[in-house]
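Shared between the two complexes below is chain A, which has chain B as its partner in the first and chain C in the second.
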Partner chain A sequence: MSDKDKITLPALMEEFQESNDFHLQPVKIGGQPFQLFYMTTLADQSVITKDILPSLRQVLTPDLEDIQRELPFINTVITTDGSVIEENILRGYLGLNHSGADECLMIPAKEEKIRDITVPEVEFSVIGPKQAFIEDIQTNIQLIRRRLPVKELKMIELEVGSLSKAKVAIIYLKDIANEENVNTMKQRISDIDFDHIDDSSYINQMIEDNSMSPFPQLIDTERPDRVAASLSEGKVAVLVDGSPTAITGPTTFIEFFSAFDDYFSSWHISSVVRVIRLLSVAFSIFATAIYVAVLTYHSQLIPKDLLSTLIQSRQAIPFPPIIEALFLELTIELLREAGARLPTKVGQTIGIVGGIVIGTAAVEAGLTSNVLLIIVALSALASFTTPIYRIGNTIRVLRFPFLIVAQLWGLIGIFIGIGVLLVHLIGLTSLGRPYLEPIFPPRVADFKDSIIRLPFSMQSTRPSLMRTPRSKRFKKEEAEKKKDIDE
Partner chain B sequence: MTNPIPERNLISPFLVLFLINAMQVGVGVLGFPRYVAIDVDYDGWIAVILGGFLTSVAIWLIFIILRRGNGDIIEVHKKVYGKWLGGFLSFLILLYLLSLSLVVLRTYIEVVQIWVFAQLETWALSLVFCALAYYTIVKGFRVVTGICFISVILSFLTYVSLFGPLEFMEMRNLLPIVDHTPIEFLKATKTMVLSYLGVKMLLIYYPFIKQPEKALKWAVGGNVLTMIMYLSVSLVAFIYFSPDQLQRTIWPLLSMWQIIEMPFLERFEFIAIPVWSIVVLPNICLGLWSTSRGFRLLFSFNQHQTLIVLLIIVFCLSSMLQTRASIDLLNTVVSETGFYLTYVYLPILWLIQTIRLKGRST
Partner chain C sequence: MKKLMIIFLLLTTACVPTKIVDELMLIHATGFDYIDEKNMRATISVPVYHQGSGHSAGEQSVTSETITGVGHTAKDIRSEMDSKSPRLIENSKLAVVLFDHETANNGIIDTVDTFYRDPTVGQRVYLTVYEGQTRELLEQNLSLQPEISRYLTELIEQNIKNHELPKSNMHVFLYRYFQKGMDPFLPYLKKSDGQVQVDGLAIFKKDKMCTILSREDSFIFKMLVESFQEGTFEISLKDEEYATIMNLSTRAKYSLQKDSDSPKITINLFTKGYVNEYSGETLDQKKLDAINEILEEELTKKISTMIETFQELNVDPIGLGFQVKTRTRGWDEKEWTRQYPDVPVDVNVTTKITHGGVSE
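Moving on to the complex of A and B:
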């Protein structure tokens, strides 16, 4: 930077004074005129009146270094650099300088207003910890550090966004996380060139391997326990100041369907639940499409008893199956969207009005068939079983292309659609690691915690997806020491 | 080789099992029992085993040739015959590989037209498949391998479906065992070997295998897996159909699927034929991938652009073939070429390569 571009203190003061919340207060220290300046909206007024002004009065020598020593504050800085002064003032620091001099003492007096740590709402679990991240990054890091009190827990801090200057922290466990993953994450975050970052989801979308894909490729979670568990598996986590969700990666497609509860209940139950969840996702995507395909093209496929049920429910419907299906699917999406935009109490009313009133009325008016109503309602319900919110949205959106191909080419169309989906998923990566693992590339060992969850005694190695330098979680031999009967 | 293949594009040796198996099991499995039955009636299952054995030998031969040449067939040809003759022979092999894609695509479309949508235009389905193949191949060899894997898993559906026809089996069809002359068996084995073709893609993707020496057992394993599937399909077809009926049934497996009944499903083939679209996808993709890769090495073309040109060629040719007779002719010609390529040309190549290597070492 040339000298011309360098910000001088008087110029800075002048620019700050254009804003009315900038306050400049003259004080006398050791008989010399000093000035104290800060943003009234950022600095804590009580700290100034209670702590800073009384201590300043006790200082006798008009020297900034003496003042720095006298003040009961840590993290004070003496600087002449205009850009440092600017940055600190805008982070809630106080500036103090001898009137007319360039040298300036910065005193931290930021007013902290943070909300309490609350119960997770998106990833609620009946049993297990009830803590969710909040907007303050310090608190969030503290929540993670408490769960992993080891010196290996490392943090890289970056600043992203030319306007927002969001603080971003990359967290990982040294020697457990693969350096390559950490570096990829770091590289991608520092490559972000955008002016305003509001939330971790901005970063999430910008650092994804393929931003053209409807599938999220990094997990976003609001649970500190989930992040800590991910870190101990060898993943890398990213926290963003001002955002109550953390990002973790690399991840797999299957992992999006594993709730953190699965680790709290016994492995048989969570395995069954996981399988049900995956089946419900498949049902959610394909059920209406298959209904449309079968009723439009392949009615031979249905046995005659079942066919008569279908025909009876459809005989009064004036539309072809595709119109009927699109109508109901859009209605459900409408209800969901209305429910999401409204406050909770009103939202419940919407659910009842929509679900019961519109549903029954549509059938009675002869707009849709009972069977389709059941299928659509079930598939909407199934799409809500996904533990990670973002993948649930993807699943819901995916239904529409499948409806269209089903109308065009029946089951052939659906299976060509599945082909496209499979090729897409096989090609996806998460931080450069295969997304569809352990299905492809097939890694039998990683099935222990994917579609099913085996007991902890069998989880002796970290997932090979992470390529972690320390793959053993515990000594398996000791855990599996064979005991004879009655020993 | 012009430039080494980056590590991240290589595949583990055991995935060769799926590459081999996916390439063999395609549309062929739907129709092959009839062809062996024409030659040796219901001793066909012996021909299935013999054919599988011969193919394993061919795989072994391919591995020997490529291991010595330390690269793909184009590299080997260049070393053995020099730039011009070698290049010309490689070009012919590439044309053959491309024709495999065409055969599979056109035959599958024919199945769809006969069994599901009689009115469906050939070009429409062909266009969609070409687009899907394009989407797969541009993502690279790893994704093509992935689709092979999925295809193998889906083809296991065949085993499940074979329980349906077992209800109507007639075990005595198989007896007496071995009542044909060796000449007839040879003929049947040759017919059967045609259904095992497709291992020749190995000639191109060999350098993509991490530690290719270890892949031989997996490749043979894939072939054995195919043999088991063919054996079960043909045995069930033999005990289900009467000899005369089988000789008049063009797609025995599809006809067997017709009788499967479930409480919610009356026509199983309406599900299975769409599933087969994913089973045949790797056949189409591997052929096109190998050819475009070969052209890139041979002529230093851009593989992406070559692929587009090849897709247009396959699309046009498949749309032009309209009659059952022309499709059958195409099948026969391509299979015959494949047979002579594998069992006549490759041994010759091996021999010449041996002589050359000896000459160089002395």
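Moving on to the complex of A and C:
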């Protein structure tokens, strides 16, 4: 920065004074005129009146360094740099200088208005910890550090957004996370050129490997325990100030369907639940499409016993299956959208109106068949089983292209759709790591925590996807030797 | 741009004509009747769904209607039927094809071939021979199951699974038809007291029916062509006593001796079961041994007679020729056909009665 661009204190003051919440207060210290300036909306007034002003009165020498020593504050800075003063004032610091002088003492007096740590709402779990991130990055980092009290936990702080100046923290465990992943993450975040970052999801979308894909390629979670577990697996986490969700990566497609609950219940149960979840996702995408394809083209595939049920339920319906299916699918989407936009109490009413009134009425009016109503309702329900909210949305949207190809070419169309989908998924990467691992490329060892979850005693290595320098989580042989359970 | 072009091309291609299931006339059963040498009459049975009281009515609200047509070939008849049908006739749910006695006698392969070539028709369609006019049968609404095709499929299915019918459908028929050294067979149905009954097995020479096995014989026949678990067999002992063998499991093994020019076939049949019903007084080990012996004798006798009959008719539904073929290098079909009536067949039956049932 050249001298010309340097912001001088008087010019800065002048600019600040254009805003009415800027306050300038003359004080006398050691008989000399000083001025105290701050933003009233950012600085904590009680700190000023209770702590700063009384302390200032006790200072006898009109010297900034003496004042700094006398004040009961840490993190105070003495600077002449205009840009530092500007930044600090906008973060809730107080400025103190000798009237007319350039040197300025910055005293932190930020008013902290943060909400309490609450129960996770998106990723709620019945058992296990019930803490969710909040909007304050300090608190969020604290939540993670408490779960990983090791010096290897490192943090890189960056600032993103020319207007929002959002504080972004990249968190990883040194020697466990692959340096390459950390560097990729760092590189991608510092490359972001955008004015206003509101939430971590902005960053998530901007640093994804393929932003044209409907599939999210990084996990966003509101659970500190999930982030801590991810870090210990060798993943990299990103926290953004002002956002209650953290981003972790690299990740795989399957991981989007593993709820953090799965680690809290016994491995048999969570394996079964995971398989059910994956099946329900497949059901959600394909059920209506298969219904349309079979009813429109492949009557030979309908089992003999089901035929009369299907035909009878469809006999009075004036539409072809595709119109019927689109109508119902859109109805469900409408209900979901209306429910999401409305306050909780009204939302419940919408559920009843939609589910019972519209559903039953549509069947009775002969607009849809009750068989399809069951299929659509089930597949909507199935799409809500995904633990990560974003992938659930992807799955719901994916249904529509499949419906269309089912109408165009029947089951052949569905299989073309599956082909295109698979090609797309195989091509996807997450921070440069294959998205469909361990299915492709096949990594048998990584199946231990993907479609199924094996017991912790068998989870002795970190996922090979992370390419971690320390792949052993614990020494299996020793653990077995030490295990002393009386028989 | 390239991707966009592909999407554009895909969207502008002509769509496949749709066949929406409730806008079709789905044939559930077809029957063929003989009229004269050139003409035959086909009857199709289509389900009629009644929009009744809905939920509670369930199965009862489906009955069947028939459409008939007369012509030289199946395609010819189809066009006549199309002219009588309000909706597009579709073969895709065909479950049973019936032939009357006369049609079966005159050869059925031309008709079977049209179904076999239709990709919408499943290979598991049941082909059957019915003793009377198939049209009359298909027009009926029988009390046990008002939808006739469903009645017939369930009837055949049940009898194949649990009773004396050997596995039989279009695939099996065509396999046995095209396989060298084998002749096909089909279930034979008849009407009895307002119900349809499986009355044995129609044996075909190539595609023409040549003889009919009774129900009891078809059980013995089933023993020779496939192994099964849950058979029931009744034998009569001396002094007007009867015993029923339950849970009869059988396994047939064929072996071939090629000492001379003409081959000699040995059939080893192993059966196992227990006596479930016995009309005599006490059932001790001695009696069981006796039953065992009688059973062995009776089965041996019946199998030998059956094979003799087949040899006289020069028909080979058991597939003895196939057994020889798989064991002979350079098997010649013509020579075998010449040899077949005089080939000596040894039958060895080994039975084992495990126990005399459970009683108090």
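As a working rule, the second predicted complex is superposed on the first by the 478 of 487 C-alpha atoms of A that agree within 3 Å, B and C clash if a C-alpha of one lies under 4 Å from a C-alpha of the other, contacts with A are read in each partner's own complex, and residues count from 1 in each chain.
Throughout what follows, a residue touches a chain if its C-beta (ideal position, glycine included) is under 8 Å from a C-beta of that chain, and two chains touch if they have at least 3 such contacts.
What you see is a predicted model, and the numbers here were worked out from it, not measured in a lab.
> For A:308, decide between first (touching chain B), second (touching chain C), both and neither.
A:308 sits against chain C, while chain B stays out of touch.
> Have a look at where A:414 lands relative to chain B and chain C in the superposition and call it first, second, both or neither.
First partner only.
> Touching A:190, do we find chain B (first), chain C (second), both, or neither?
A:190 contacts neither chain B nor chain C.
> Contacts for A:139 in the overlay, against chain B (first) and chain C (second): which applies, first, second, both or neither?
Neither partner.
> For A:423 in the superposed arrangement: first (chain B), second (chain C), both or neither?
After superposition on chain A, A:423 lies in contact with chain B alone.
> Which partner chains sit in contact with A:442 here, chain B, chain C, both or neither? Use first/second/both/neither.
It touches chain B, and chain C stays clear.
> Check whether A:201 is in contact with chain B, with chain C, with both or with neither, and answer first, second, both or neither.
neither
> Where does A:79 make contact in the superposed view: on chain B (first), on chain C (second), on both, or on neither?
After superposing on A, A:79 lies clear of both chain B and chain C.
> Just to be sure I read the superposition right, which of the two partners does A:271 touch: chain B = first, chain C = second, or both, or neither?
Once the two structures are laid over each other on A, A:271 reaches no partner at all.
> Where on chain A do the contacts with chain B and the contacts with chain C coincide?
Common interface on chain A, chain B vs chain C: 297-298, 300, 302, 304, 409-410.
> Provide the residue numbers of chain B that touch chain A in the complex, in ascending order.
8, 11-12, 15, 112, 116-117, 120, 125, 128-129, 132, 135-136, 139-140, 142-143, 146-147, 149-150, 261-267, 270-271, 273-275, 277-278, 281
> So in the complex, the part of chain A that touches chain C is made up of which residues?
294-300, 302, 304, 307-308, 310-312, 314-317, 320-321, 408-410
> Can you check the complex and tell me which residues of chain C touch chain A?
Residues 15-16, 18-22, 24, 26, 47, 49, 51, 59, 61-62, 90, 92-93, 95, 120-122, 150, 153.
> Note which residues of chain A are touching chain B in the complex, please.
Going through chain A, the ones touching chain B are 297-298, 300-304, 306, 409-412, 414-416, 418-420, 422-424, 426-427, 432, 436, 440-442.
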